[in-house]
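Letters A, B, C, D, E and F name the chains as they come in the text, with residue numbers starting at 1 for each one.
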Amino acid sequence: MEVLFAVLIGALTAAGVYLCCLRQVFPVVLGLSLLSYATNLFVFVAGRLTLGAPPIWEEGVTRFADPLPQALVLTAIVISFGMTALLVVLAIRARFEAGAERSDAPAVTERPEVER
Amino acid sequence: MADVLIALLLLVGAFFGLVGSWGLVRLPQTMQRLHAPTKATTLGVGGVLLASMVYFGWVRGEWSIHELLITLFLFLTAPVSAFMLARAWLHRERGRRRATLPRPGASGVDWGVYQPPPEESGNGVEARR
Amino acid sequence: MSVRARLRRWLPHPALSLLLTLTWVALQNEFAAAQWLMGAILGVAIPQLLRPFWPDPPPVRSWRAVLAYAAVVLWDIAKANVQVAGWVLLRRPETLRSTWLVVPLKLRIPEAITLLAGTITMTPGTVSCDLAADGSALLVHCLHTDDAAATVAEIKTRYEARLVRIFGEGEA
Amino acid sequence: MIEVAAWVALAAFGLGVLLCAWRLWRGPDLVDRVLAMDTLTVNVIALIVTWGIWQGSSVLFEAALFFAMIGFVSTVAFCRYVLRGQIIE
Amino acid sequence: MAHLPVLPVLIPAVIAAVMVALTRQDVVLARVLAFASAAAQLAVAFLLLAAVREGEVLVYRLGDWPVPYGIALVADRLSAAMVLLTAAVGAVLLFHAVCAWDRRGRHFHPLFQFQLMGIHGAFLTGDFFNLFVFFEVMLIASYGLMVHGGGAARLTNAMQYMVVNLIGSTLFLFAVALVYNAAGTLNFADLALRVPTVPASDRGILMAGGVLLCVVFLLKAAVVPLQFWLPGAYGHAPGVAAALFALLSKVGAYALLRFALVGLGWASLTALEPLAWLTLLVGALGVLAAPTLGVLAGFAAIASIGVLFVGLAGAEAARLGAGLYYLVHSTLTGAALFVLADLVRSARRKEGDAVLGGQDFAGRALLGAGFFLTAIAAVGLPPLSGFVGKLALLRSIPLEGGAGAASWAFVLVTSFLLLLGLSRAGSRVFWKTQGDEAVATRGLEAGGVAALALLLAGTFAWSLAAEPALAYFTRAAEALLEPGVYVQAVTGAGVFR
Amino acid sequence: MGASAIVALPLLGAILPPLFARAGRTPALLAALTPSLAALALLWGQGAAVFSGEPVVALAPWVPSLGLEWALRIDGLGFFFASLILAIGVLIFIYSRGYLAGNESLGTFYAYLLLFQGAMLGVVLADNLLLLPVFWELTSLSSFLLIGFWRHLQDGRRGARLALAITGAGGLALLAGLILLGEVAGTYRISELAARREVILAAPLAPVILALILLGAFTKSAQFPFHFWLPHAMAAPTPVSAYLHSATMVKAGLYLLARLWPVFGQTDAWDAWVTGVGAATMLLGAVIAFFKDDLKALLAYSTVSHLGLVTMLLGLGSPTAVFAAMLHILMHATFKAALFMNTGIVDHETGSRDLRRLGGLAKVMPGTAGLGTLAALSMAGVPPLNGFVSKEEMLAEALAIRWGDGWLLWAIVVLATIFSAAYAFRYFSALFFGPLRLPEGRRAHDPPALLWGPPLALVVAVVVLGLWPGLAEPLLVAASASAAGSGRAWPELALWHGFGAPLVVSVAAFVCGAALVWRYPALSRRALAWALPLDGRRMFFAAQTGLARGAHCLVVRLHSGVLGRYVLLLTGVSLVALALGWGMGEGWRPQRPPTPVNGLAVIFVAIALVAIGLVLRWHQERLRAVLLTGAVGLVVSLAFLHASAPDLALTQIAVEAVTTVLLLLTLFFLPQHDAASLPKPRGAAVVAVLAGLVVGLLAWVMMRNEAPTLADYFWSRSVPEGGGSNVVNVILVDFRGYDTYGEITVLGIAGLVIYALLQGMQEGVARKNLHAWRFPFALSATRHPLPFAVTARVMLPFLLTAVVYVFLRGHNAPGGGFIAALLVTLAFLIQYMASGLSWTMQRLRLDAHLWIGMGLLVAGATGMAAMVFGAPFLRSAHGEVPVPGIGPVALASAMGFDLGVLLTVFGAVTLALVQLAFLGRLAGFAPNRTPMDPVRPRPSSEGG
C-alpha cells in the first residue's frame, strides 16, 4: 500500500508543479489543487499508514491511526481551500482589469502605466 | 438465514450495479448511456444498502436506518441529475438533434431547454442585458 | 387567532415535521427520550426557519394512495431492472430501438410533476429529459420500446393517474 | 458466506468503477464524462457501504452520504454550466 | 498579566471580528477601533517587553495542555521586541491608512488588524505548525491589502505573489511532515530536545525537512535566489500595505533563526553568508535599475535583507545582535520608503512614482527632504540608524579569512551602489522639474507625511538608542545561540500561572 | 561643552533661516549669521587654552560598545580649520545674500550652508575615529544639496551626484579604514592614536588601513585620479563653490592627512603615495586649469592643483613640510575664496564667465578688477602677496629633497609652478585687461557692497598676510604642532627669505607663465588637439550608465515576471534543499513492515493516475480539466477514508464539491480554453518529474519509517480530558484549538478579500471590460428547471437536520463544525443553483459578514471564557449537564468553539460563492426572480 500512496503523491506533485509553470492562471489553479492534494496526502502519511483503525476512541482499542497528522491536514485543507477561492477571484479581477488572463506579469523593470 | 439474505442482497446489488456500469460502456449513444446510473442507483446501491442494514441490525445487533437515508437521498437526486444531464445534452446537440425531436404537442411550444417559459419571454427580460 | 391557524403557524408542514423528527432519530440510531425531544425541536424549528423556501407545499389528499404508489413504483423498478439488464447484457446494442416519447401532462402541481419525472427516471428503461416550456408535456427517452404509444399510455395510467389521486389534481 | 458475497460485490463495483473511468476517459461528449463521474460516484457509494460490511464498521456511513452529495452537486453544477454558463444566476 | 503573551494576537483578532460584524458601513467607527487596537497593542507590547527584559522566558500554554501536545506561546527578548516593532509600525502606518487608503476599497481595517494578528502570532508561537497557520493568516491578509484599490499591474503582481506563497506553503507542509515523521514533535523547544536523540538513520528525513523549512523561511525573507517575488509584488502594492510588508520578510528571518538555531540546534547560519552577499548585490543593482520608486523600495528592501543576513549568518552573538538591530532599522526605513513612494505616486498626477523628472508638484520640497533622509537611512549613512547598524555589523565581523573580508566588501560596495541608485532616483524625481510653479496636483496626504515623519524619527531615535538596543539584541542573540534557557522554560513549563 | 556647542550651533541653527526667510532676505541672513558667529565666538574663546597646548574636550557616550562616542577635541589643528570654516563661512553668508536672485529660496540655501558648516566643524573637531566619518559623510550629503541647489540645471544635478558618489564612496572606504584602525590600535580616540603608532604600523592590516584611509582622503580632496568630480561641482551657485572648494570640503581630506600624519607620516608607503599622488594632481590640475576658458573651471582645476600641492607637502615626511602645508591651506583659502567670489561677481554682472566672451572688464568694473587681480597675483605667488609666502615655503620643502631621490618631483613642482603662474596671469589679464568684451546686450558695472565686501575682506587678508605673514604664525604653529608634534623648531615666516632656489624657480615661473599666456592662442589650439580623451565625468557617467544597464539586464533576467520560471526556480531550490538535508543522515532502511495491498486500492490509484495524466493532456479544455481534477479529488478522499481518516475524507470530499462549484463559477468569466501559443518555460517537465520522484520517495520513506509520535497521549487523554472520543476533532477544537482559530480566521479573511475584490469590479476598467465581455457559448433558454427546484426544496430541511447531526456528533465521531459548515453551505448551494440567486438571497437574508464576524467572535469568546476563570485561552471544560426528564447530557465548551467554526466557515464560503455569482449582474445578466421554469401556474402565496 505504501508504494501506491507514494506513487499517487509523486504523480500529483509532478503534475502540480508542471501545471504551475504554465502561462495562464487557470491551469496554475488546477496545478495548485493537485499540489494541495499531494501535500495533504504527504502530511497525512507522515503519521504512517494504518488501515481499518480510525482514531476514534473506543474502550480497549490499542491500534489506531496517528490523529495528529490528520488534524494538521484538516487545517491545511481548509486553508488551501480559502486560498484557492481567493486566487480564482483574483484571477477574474486581474483578467478584467488587465484585459487578459495571464500568469505572467510585466518584468519589474518595465514602467507600469501610472495609476494610483 | 440472515447470512443468506445478506449475501443475496449483496449479489443482487453487485449484479445490477455492474450491469449499469457495463451499459455505460457498451451502449453506443449518449442518451442510451444515460440509463446506466439509474440502474446502478436503484437496485445496485439499493441492494447493498439493504444488505448493510440487515447485516448491522441482524448480525451485529446495531439496528440502523442510516442506509435508508442514503437510499432516499439517491432516489431523490438521481432523477434530477439525469434530467439535468439530458437537458445539457439536448442543449449541446441542439443543432443536430432538434429536428428529429418530437414537439411537446401544443403549437408554438417547445421544450424548456430551447424556449424560455412564457412569463419571461413575455416581458422580454430573458437573456443578457 | 384560531387554534388551527396557530398550529399552522408553528407547524407549517406537519408531515414534514414528523419526517424530520424521524430522520433525526434515525440518524442518531438511538430511540431515547432525549433524541425524540431533540428531533421534535428540530422538526419544529427547521420548517419554521425554512418556511420561505417551500412556501406552499401541496397537501396530500390520500396517504393510502401514496403507499399504493410506492408499492407500484418499487415493483416496477425491480421488474424493469431485470428487463433492462437483459437488454444491456444480451442484445446487440444496435438492435435497441431507442425513441423519444412525449408524455402530455395533466398534472400541474410542480411537486407532482417532479414526482412523475422522478418515477419515470428511476424505473430503468426510461429517463425523463425535459419539460415543455409551458409545462404541458414531459420529454422521455426510452431505451427500448416496440410501441411508443403504449409506453406513454402506461406511464399515464400507472403513474400519472395515481399522482392525480394523491394530490387531488385533475380539476386544474 | 457474507464474506464471499461481499468480496464478489466489491469486485463487481470495483470493476464498475473501472468501466466508469473508461467512459470518463473516452467521452466523447462532456455529458458522457459528467455522466461517467456521476455513475462512478454511485459505484463508490456502493463500494463504501460494502466495505463497511466487509470490515464490520459503520463509521463509513457519513462518507457514503457525502459522496452522494458531491456526486449530485457536481453533476448538477456541470450541467448548469453547460446550459447556462452561470451555475448560480 | 498572566495572559500577556496571547494578547497581541487576541486584541487585533477580536477587534477585526468586531469590525467585520459591525463596521462595514461605518469607516469612522472602524478608524476609532483601529486606533484603539493600535494603542492596546502598543501597551501590551511594552508590558511584554518589560516582562522579558531581564531574560525571562514567558511560556503561555494554550488550553493548558503541556508541551509538546498543545501549542505554547513563547515570549522572550527576541519575540517581545519583534512584537513591539510590529505594534509600533502598525500604529504609525495607521496614520497613512486613515487619510488615504481605507476608503479605496472594502474591508481595509479588518484586513489590517488581521495582518497584525498574523505577524504577532508568528512571532509569538513556539510551535512550527502553528507558525504555518499564522503565516497563512499573515499572508492572506497581505494578499487582501496588496490588491486593495486594484489596478492591472498591482493585481497581476499580487497574483504571482500569491502563487509563489502558495507553493511556499506547500513546501512548508512538506517540511513539517518530514520533521514530524522523524522527530515526532511540532514544538521548537521539544524538537531541540529530540534532535540529538534521532538516530543517524532517520536524520536524513529530519534534515530533509529541516533544510526545506529553512528554504521556506528564506523564501519569505526574500533571500537570493528566492527574492524574485518581492519587487514586483511590494513595488505595486498600496504604499501602506507595502510598508507593513516590510515586516513580513522579517518574520521569515525570525522564523529561520528560531527553527534552525533553536529547533534544529545548529550552531550558526554561516552557510548563508554567500546568499546574503548575493542578496545585497541584487538589491543594490535593482535599486539602480528600478523604474519606479515603489520597485526601488522593493529592491532596497532586498538589499536590507542582505545586510540583515550578513549579520544573521554569523556565529557570534555580537554579530547576530548587530543583525537584529539592523532588522529593526530596515523595517522602519523600508516602511518609510514605501510610504514615500506612495506619497509621490499620489501627488504626481502624470508620472506617478516613476523615476522620471516631470512637472513640479505639491509637497515636492517636503517629500524631497523626506526622501533624502530615508535614502540616508537606507544607504547607511550617518547619523541615522542604518549607519550604526552597518557599523555594528562591520565591527562584529572579523576580517580574518576570506568570508569576513568579503562581507565587508559587499556591505561597503553595495552601500556605494545604493548611494548611486538612490541619489539618481531622488535627483530625478525631486529635482528634475519643469517650471517652478507647482502645477495642479493632488494634495499631499497629511497622514502619510505624519507616518513618514514618525518612521524617520524612529530611525533617528533608534540610532540614538543604539547602545542599549545593541546590548538587548546581543543578549537576545546569545539566547538563540545557547537556547538552553528557552528550551528549559518551554519544555519544563509548569502549570499555568 | 564648548566644543559640542561649536558643532551643534550651526547644525541646529540650520532651521532658523528658513523660518526667518519669510520675514525677508536680510532676516534670513541674520538668522544664518547668528549661529555661525556664536560658534566663532565660542571657538575663539577657547583660543587661549588651545594655544597654551591644552586641548578643549567634550565627551558624551553614544554607542560606547562599538567605540562610537561623541568625542570632540579642539587642538591647534582643529582650531585652525574650524576658524577657517567659520570665518570664511561668515563672508560667504553675506556674499550669498547679494548673489542669490530674489526669487530663490535663500532660507533653504542658508540652511544647507549651515548644515554643511556644522558637519565640517564636526569633521575637524571630532576626536573619535567613528564620529569623524559621521561628519565626513554629512559634509558629502550637505554638499550634495548645495551643489544641486539649482535643481533645474542638469549640470547641477549631475555634478551633485558625481560629487556625492565619489566622496561618498571615499567616505565608505574611509569608514572601513577607520574601523580597522581603531580595532588595530585598540582605541577609537584619535588623540590616542599617535601613542600607538608602533602597534598600528606593525599590524598586518596596516597597508589595507592606509589604503582605505587614503582613498577617503584623496577622493574628498579631489586628488588624481578622483579629481574630476570637483570641476563639475562648479555647477553650484558660486558662493557654494567659494565655500566648499576654497576653504572647506576639499580641505577635509587634507585635514585628515594632517590628522593622521603622526600615525602614518614618515613611513615609506605614506610618503610615496601621498607625495606621488599630490604631485601628480598638482601638475595635472595646473595644466588643465591653464587651458580652461570657463572661469570657474579654471579656478576649479587650480583648486585641484593647489590641493595636490598641499597633499604633496604632507607626504614629504618632514614636520616643516607639514607647517608649509598648513600655511598654504590658509593662504589658498583666502585668495581662492576671493577669486571665486570675484568670478561670481563677473558672472552675476555680465551673465557669463567664459573668457572667450569677456575681456577688458577693468574699464567698466574697476573695483572688481582690482580685487580680482590682487587675488590672482597672490595665486600666482607674486610678492608681496600671501600666495608668495606659502609658495616659497612649498618650494623650499620640495627642493630640499636630494636631487637623486627627487628629480622627478623637482620637475613636476617646477612645471606646476609655471603653469599655476600662467593660469593666474591669464585669469586677470584676459578678464580685466585688453579691449572690452561683453556678451551681447549686456552692460556691466561694479556690484553692490554685499557682493564686493566679502572679497574685499579676503583681499585685505591676502595683502596683510603677504606683508606680515608672522601674524598667522601662532595659529599655524599650533596647528602644525598638533599634527606633527610640539616642541619643534618651526620656520620663521617672512615675506623675504633672501635669494635661493625657491626664488629662482618663482621668478622663472613668472617669466615662463607670462610667456605661456602670451602664446595662449596657439597653445590652446594644440592643447585641444591632444586634449586628453580621458574625461573623468564622462567616464563616470558612462560607467554608471553601463552599470545601470547591466543591473537592468540582470534584474530583468531575475525578475522576468514569468511565473513558470519562478516556480521552477523555487522547486529546484527545494529539491536541492531536500538533497542536502537527506545527505545529513545515513543508512536509512525500511523499518515498518509494508501494509498489504488490496485490489481496489490499485484500481483507484490507477484511475487517479490516468485522471492526472488526462488533466495534463487536456488542461487546455478547461471544463474537462475541472471534471478530471474532481475525479482525482475523489480518489484522494477515498484514500483518506481507506487509511483510517474518516474526518479527512469527509472534509476533502465536501471541499471538493465546493471547489468544483467555485471553479465553475470562475471559469464562466475566464477563457474556456488555454491559449495554445504561450510557450512553457524550458525544463518544466524535467523539474516536475524530478519533484514528483523525490516527493514520492520521501513519502514512501516516511511511511516505512518508525519513530516516536505524540499519538498515544492524544489517544489516552482525548476522552477523559478532552471530553470527546473523536480524537482528531478533540485535537482540532481543544489540544490544538489555536490552530483552528487561525485557520477559520484565514477562511474569514478569504471571504472578506473576495468580497472586496469583487466589489471593486463595480467601477473603473473592470466594470467596463466586464460589461463588454461575452460568454463564448450559446446559452439555453430556461434557467431553473422545475424538477430540480422542487427537489431542492424538499431536500433542504433534511439536509439541515443532517447538518445538526454532523455538527453535534463531531466531538465523538467523524464530523464537527467545519464539515457541518460545508454541508450547510452545500445545502444552500443546491438551493441557489436550483432557484437562483435573487430568490434564495431574499429568503436567506444572509449578511455573510455578520456570520463571519460573529463566528470569529464566538470562537474567540469561547476561548476567552477560560481567561475569566483564570485559565489560559482556549482551556476547555466538559461534563454532563442533568436535564430533568431526559437525563444527563454531555456538553463540552469546545462545542461553542466549534459553533464559531461553523458560523465563520459558512459565512466565508457563502460570501465567496454568492459574490462570485453576483458578478453576472455586473456583466449585464438580468436577474431572475422566478424560482422555477415553468412557473407554477396556480396563483400562489410566493412573494416572487
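One rule holds for everything that comes next: a contact is a pair of C-beta atoms (placed from the backbone, for glycine too) under 8 Å apart; a residue touches a chain by one contact, two chains touch by 3 or more.
All values derive from a computational prediction rather than experimental measurement.
A.B. asks: What chains do subunit A and subunit B have as common neighbours?
C.D. replies: Expected: D, F.
A.B. asks: Would you mind checking the shortest number of contact hops between subunit B and subunit E?
C.D. replies: Step count on the best path from subunit B to subunit E: 2.
A.B. asks: Quick check for the class: compute each chain's Cα centroid; which one is farthest from the centroid of subunit E?
C.D. replies: Farthest from subunit E by mean C-alpha position: C.
A.B. asks: Average the C-alpha coordinates of each chain, average all protein C-alpha coordinates together, and give the chain whose average is closest to the overall one.
C.D. replies: E
A.B. asks: Which chain is most remote from subunit F in terms of Cα centres?
C.D. replies: Of all chains, C has its centre farthest from that of subunit F.
A.B. asks: Between chain pairs A-E and A-F, which one is joined by a greater number of C-beta pairs in contact?
C.D. replies: Of A-E and A-F, more C-beta pairs in contact link A-F.
A.B. asks: Determine the centre-to-centre distance between subunit C and subunit F, using the mean Cα coordinates as centres, and give it in whole Å.
C.D. replies: 73
A.B. asks: Averaging over Cα atoms per chain, report the distance between subunit B and subunit D in Å.
C.D. replies: Using C-alpha averages as centres, the distance is 12 Å.
A.B. asks: How many angstrom lie between the centres of subunit A and subunit D, each centre taken as the mean Cα position?
C.D. replies: 23
A.B. asks: What is the distance, in whole Å, between the centres of subunit C and subunit E, each centre taken as the mean of its C-alpha atoms?
C.D. replies: The separation of the two C-alpha centroids amounts to 62 Å.
A.B. asks: Spell out, as numbers or ranges, the residues of subunit D touching 2 or more other chains.
C.D. replies: Touching at least two other chains: 11, 17, 30, 34, 59, 65, 69, 72, 76, 78, 80, 83.
A.B. asks: Which subunit F residues sit where two or more other chains touch them?
C.D. replies: Subunit F, residues with two or more chain partners: 552, 555-556, 559, 561, 563, 567, 571, 646, 667, 695, 698, 702, 705, 709-710, 714, 735-736, 739, 743, 746, 749-750, 753, 757, 760, 764-766, 779-782, 785, 787-788, 791, 794, 798, 802, 813-814, 916, 925, 928, 933-934.
A.B. asks: Mind pulling the subunit B residues that touch 2 or more other chains?
C.D. replies: In subunit B, 15, 22, 34, 41, 62, 64, 66, 69, 73, 76-80, 83-84, 87, 91, 112-118 touch at least two other chains.
A.B. asks: What is the complete set of touching chain pairs?
C.D. replies: Pairs of chains that touch one another: A-D, A-E, A-F, B-C, B-D, B-F, C-F, D-F, E-F.
A.B. asks: Which of the residues in subunit A come into contact with subunit F in the complex?
C.D. replies: 1-30, 33-34, 37-38, 40-42, 44-58, 64-68, 70-75, 77-79, 81-86, 88-93, 95-97, 99, 101-110
A.B. asks: If you look only at subunit C, which of its residues touch subunit B in the complex?
C.D. replies: Going by the criterion above, the answer is residues 23, 26-27, 29, 77-78, 81, 84-85, 88-89, 93-94, 96, 98, 100-102, 104, 117-134, 136-137, 139, 141, 143.
A.B. asks: Please output the residues of subunit D touching subunit F within their complex, sorted ascending.
C.D. replies: 10-11, 14, 17-18, 21, 24-25, 30, 33-34, 37, 40-41, 44, 47-48, 51, 59-60, 62-63, 65-67, 69-70, 72-74, 76-78, 80-81, 83-89
A.B. asks: Quick one: which bits of subunit F touch subunit B in the complex? Just the residue numbers, please.
C.D. replies: Residues 778-782, 785, 787-788, 791, 794-795, 798, 802, 923-926, 928, 930, 933-935.
A.B. asks: If we count contacts the way the header does, which residues on subunit C are in touch with subunit F in the complex?
C.D. replies: 16, 19-20, 23-24, 27-28, 32-34, 37, 42, 46-47, 49-50, 52-56, 108-111, 113-114, 117-118, 128, 130-135, 172
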